[in-house]
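I'd like to ask some things about the structure below.
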Amino acid sequence: MNSASFRVGILTGGGDCPGLNAVIRAVAKSLMLQHDAEIIGIRDGFQGLIERHVEPLEYVDVSGILTRGGTILGASNKANPFSYYRRGNADVSAEALKTYQGLGLDGLVTIGGDGTMSIAHRLAEMGMNIVGVPKTIDNDLVGTDETFGFDTAVSIATDAMDRIHTTAQSHHRVMVVETMGRYAGWIALHAGTASGADIILIPEIDYDVEEVARVCQTREDSGQRFTIIAIAEGATPVGGEMAVRERIEDSPDPLRLGGIGNMLAHDLKDRVTSAVRTTILGHVQRGGSPTAYDRNLSTTFGAMAAKMMADGQFGRMVAYQNGGFTSVPLSDVADKTRTVGLDNPLLRSALAVGTSFGQKDLSNIKS
Amino acid sequence: MNSASFRVGILTGGGDCPGLNAVIRAVAKSLMLQHDAEIIGIRDGFQGLIERHVEPLEYVDVSGILTRGGTILGASNKANPFSYYRRGNADVSAEALKTYQGLGLDGLVTIGGDGTMSIAHRLAEMGMNIVGVPKTIDNDLVGTDETFGFDTAVSIATDAMDRIHTTAQSHHRVMVVETMGRYAGWIALHAGTASGADIILIPEIDYDVEEVARVCQTREDSGQRFTIIAIAEGATPVGGEMAVRERIEDSPDPLRLGGIGNMLAHDLKDRVTSAVRTTILGHVQRGGSPTAYDRNLSTTFGAMAAKMMADGQFGRMVAYQNGGFTSVPLSDVADKTRTVGLDNPLLRSALAVGTSFGQKDLSNIKS
Amino acid sequence: MNSASFRVGILTGGGDCPGLNAVIRAVAKSLMLQHDAEIIGIRDGFQGLIERHVEPLEYVDVSGILTRGGTILGASNKANPFSYYRRGNADVSAEALKTYQGLGLDGLVTIGGDGTMSIAHRLAEMGMNIVGVPKTIDNDLVGTDETFGFDTAVSIATDAMDRIHTTAQSHHRVMVVETMGRYAGWIALHAGTASGADIILIPEIDYDVEEVARVCQTREDSGQRFTIIAIAEGATPVGGEMAVRERIEDSPDPLRLGGIGNMLAHDLKDRVTSAVRTTILGHVQRGGSPTAYDRNLSTTFGAMAAKMMADGQFGRMVAYQNGGFTSVPLSDVADKTRTVGLDNPLLRSALAVGTSFGQKDLSNIKS
Amino acid sequence: MNSASFRVGILTGGGDCPGLNAVIRAVAKSLMLQHDAEIIGIRDGFQGLIERHVEPLEYVDVSGILTRGGTILGASNKANPFSYYRRGNADVSAEALKTYQGLGLDGLVTIGGDGTMSIAHRLAEMGMNIVGVPKTIDNDLVGTDETFGFDTAVSIATDAMDRIHTTAQSHHRVMVVETMGRYAGWIALHAGTASGADIILIPEIDYDVEEVARVCQTREDSGQRFTIIAIAEGATPVGGEMAVRERIEDSPDPLRLGGIGNMLAHDLKDRVTSAVRTTILGHVQRGGSPTAYDRNLSTTFGAMAAKMMADGQFGRMVAYQNGGFTSVPLSDVADKTRTVGLDNPLLRSALAVGTSFGQKDLSNIKS
């Protein structure tokens, strides 16, 4: 490695997310062009930092990657320096710090979700100069109103539901479509509303299966012989998550289960006259080329992280709040979840145009 | 209904398939414009014929539907006049004939798969003037080299696999993607090849899980730290379908099962070092707007069916063979399945570029 | 028409824009479901109001239109009640008012751009109860940070530039791509940045053709043998719009001109060694199904307009500002244009990653 | 370069075409895996052969390129060894042969259109072992029923026309859409039919502008207030190509011209009451990721070319005829054009459903 005056590492943590490469490109190009910096790519998230698996990124390495899904750096969901799965969950953070120092890094850009930000915060307290970039298709990070990857996930889920719509309509079906969203209903809400789902079930509002069945049957009785239900993977019926587990374990027909979408379909089968079918969208929601919107959000986040790195604003995560770009302390982000509020304008609009959230009224809800 | 000299009925049978509306439009417009015919739309497949649920189709009804998924006529998967589910599986074919005669139909266009063609053949023997149009996203009808809906299904599955590819690559995963195809592997073969799947498993070639695992591991050991597996829903391991059933019933972890894709992932988990994930594409493959290719195939089939109807060529199905359009007797099509041959050029090409079909060699196979 | 207690008209003005139908649906469904209102569709913008060309919209009329491009109400670019093209540009606003009163309307929702809002403002002053919904693919309306249709236009332009990118790269071309945007560079900026355009030329920054040529040639000399230039239709070279007109009139080869994209290509031809090609994206940017993002923006705008109508908040336009939904007086919006500021975060990010705006520095610019 | 027993060169000639990389991958992987061959990539078409601009392709170089547009080898439209533009159009074929021999090539795969096949044929006569692969988005090569890139071009043009359709319909326009196709109307026919164009104008059938105007006006008078016209760039009015040239040179308003699409719009303006707009699709039709269909056609062509190379079947081009794969002598392909016949099933179907080809009857036509 050469003797550049300014040397910055970059890593991507957590699950796949469209826009990772766009952020890497923006961080690297901005620092190279404006500060003549040397960029060190760290492989497979924190694993590369622990095991010093790194490589310099040249300009050509980050050219032409804007539109590509995945991450050229590789990622690991599991590599936590404070509890490292490859060493019996030992704290190996000292090794991570040693790599950081040994490489002569002036700073480290960490792109990831709340888990990554939590680790980044602890590493920052050990003395690393860190700037975080928020990443999750679920859009459930606190501190920022938007995360890249979300618009792409919503677009993919919407396309899928558009397709399923025509089948439901022609073949008089109740179609259950399970989207991602373990802790928050953002994808189900946005894709459901965008595709005109009749019922949207999200983790923030426990659904009453009787009410769901009632809506399906009312539609059928009034001549609209189909219903589309968007359900987030983390949605739960009234009675909560325990009920789901018990139901699944006791099921006489376990093969039909295997996710909340299947469980809902199972429960509806005897309550509605139409046939019920389930589709679990799964991994397609988090791969592939990002939408134009996500590419631009990624580029702006990346360029901003580069500027913060150059300006010495460490220990913070770039963020988008109230229509503008800003930053927040890493500590504010770690290990928290941003859920859909009942006053959310899109949720309110969905209600206004007749979408059901699986409860007769919304007074008795969680969030 | 007016006193048009020529009156033709039309119905769509079986599951959803992109291009149904394009066929309806082409049949109706061709007969209206060229033969001043009156078109009678029969609702929900043979159910509408049995229960005389019909409506005249005007020119405006079939305008603007070319690009839309689904069927404006509705469809039923289950309505068989020779064993009608709404009357205790009684033979109600006489009622179907009564509707046909009561409406004064000169002919009936039936759009459907092998089940529909089988019924159409029997109705033709009772005296109806029938022209069939082949329909199945699975492309497994005999008598025709191509069916509309297939290109769309392949395109959708390919898009999904493209997305999953980036995640597999970045996150070092074995990704199992289950496509439709209960009896034949056309979708898995075409989408798998189009997206560069490393392993393609189809019903025509029983797979050996040890061989599948070996390919995954060889890739990983040689530095290609991911594998994409396309598997048709009807694929089976060596030992066959019985083995699948038994395995599922005895499973200690039934929740993880629920389809051959999940079963394969389960079997691979302990045989490869990478994490294994499954995606079941499901219903998205059969809905939504058809590709340009399918729209044109549908339009050509429809215009040709109209011409056959006008020319009095009854009891036959339009077909595409050896690069040209022709027709075949309905009796040739009924209740048969066209599978992928081992001499298929695409299968041979896939082998040549290094795709595995889950057997060390292909000498020991079914078809 | 029945004797509903609450009767609201709705019209769409100006050019086509993805999301119009989604707004119509949200306005109508919200008012029907929550206020038992009767909705009157006014045909072809203000033309229908002047000539009393109207029809009641039933629930079924606004179902299933969420995903469709265009407007079910029809539109007219030219129908201004204060200067009506079909009556020798006479002021026929009294007739518009007569229709409004004759129909017994309690209010009118006008969906359109700055021209529509300007007319709406004057009609409001005559006593009509009006709520406006902002519409322009160009995103250049003042009073709101976002307008529906813009995300779709950017997505389409980005897809096109992605395709052109591969040709430029393989065939060593300078590719000029002209986007919409007569007064503001939003589409060129967003689509250019999203597709990694090397040079982006917008109305807000006069470009220097020598500088543009220099960037192309520098790229070529350094081994990157292609350049992508995104140019808004309203961009002008240093010297301004007059220069463009003169140039075009005096051109010895007028056939090659016909838009700023062609003129730029003409000017570059002798200044760079690569071949230069132009693509004018044109009308594809404003048609077809809206993106998920635009569908949701449209639905929220529509539901909000319905609420304002019910609450009696007239003479205002719904708006999106600083990340939240609000409203502004119609008078604030009329006949103004919102341009890209030099402090725009995306423009700054584009500069940081090496995009040129056709001037060696940005100190000498208009906005 | 190592001492592999078998060494094969590969080059891509002519304009851009989706699927080029898929062919390169299939040729290279097949020969590497099945024949342990060494592959030499020749840069920028025949230019690299003349100037010995080459590089060995490793397995990793051809991995992951299946889905990418463009060509990793680069291409040149102009480099003809028998008339080389960089040497005053001299015959430098001896240098091309010298490179071929100097590299110790056992054979050369040339991917290109009729120009490339013509050159390949002459080089084969000089002693090179050549296998050709047919490439043109225009689908107008003789000897093969299909060429890769065509399905992608049709899909892109169809998407564009779908978008333009909604605007035409909402805004009561005559929309003229110019597609590629200088000598043959395949793209205009297929995309026009797939998107439901009302009028399709192709080089094979001279159009009568009065008839075109009559169809537009008849539609308008009958209440269908819009018309979509798909026109191939090579279409000509009755009176032929000379008339076009003269018209353009004499035009009082030359700025509005610049392509047959613009000329048609100009001619229609005074003949129909609706406003007329033109869109020229241009380069977007030949770039970007290929459709699943084209990827598979490319892969099959490539694997087949590899097999022919290994089997010593030189001087031939792979081809698709009558639903099967075969090959034809290069001499049969050179400098010819395959046009749309009047008996083409899709053209006949389009006629049947009411599409006009710009002549009152089709008896008085060219092909």
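Labels A, B, C and D are assigned to the chains in the order they are written; within every chain, residues are numbered from 1.
Rule of thumb we're sticking to: contacts are C-beta pairs under 8 Å (C-beta built on N, C-alpha and C of every residue); 3 or more make two chains touch, one makes a residue touch a chain.
Values in this document were obtained by computation on a predicted structure and should not be read as measured data.
Enquirer: Which chain's centre, taken as the mean of its Cα atoms, is farthest from the centre of chain A?
Expert: The most remote chain is D.
Enquirer: Roughly how far is chain B from chain D, going centre to centre by Cα mean, in whole Å?
Expert: Between these chains, centre-to-centre, one finds 31 Å.
Enquirer: Distance from the CA centroid of chain B to that of chain C, rounded to the nearest Å?
Expert: 41
Enquirer: Among all residues of chain D, which ones touch two or more of the remaining chains?
Expert: Residue numbers touching two or more other chains: 162.
Enquirer: Return all touching chain pairs.
Expert: Here the touching chain pairs work out to A-B, A-C, B-D, C-D.
Enquirer: Can you list the residues on chain C that touch chain A in the complex?
Expert: Against chain A, the touching part of chain C is residues 25-26, 29-30, 33-34, 63-64, 66-67, 145, 151, 154-155, 158, 162, 190-191, 193-196, 224, 291-293, 295-296, 299-300, 302-304, 306-307, 321-325, 345-346, 348-350, 352-354.
Enquirer: Residues of chain D touching chain C in their complex?
Expert: 12, 15-16, 20, 44, 68-71, 74-77, 156, 159-160, 162-167, 169-172, 175, 248, 254-258, 262, 277-284, 286-288
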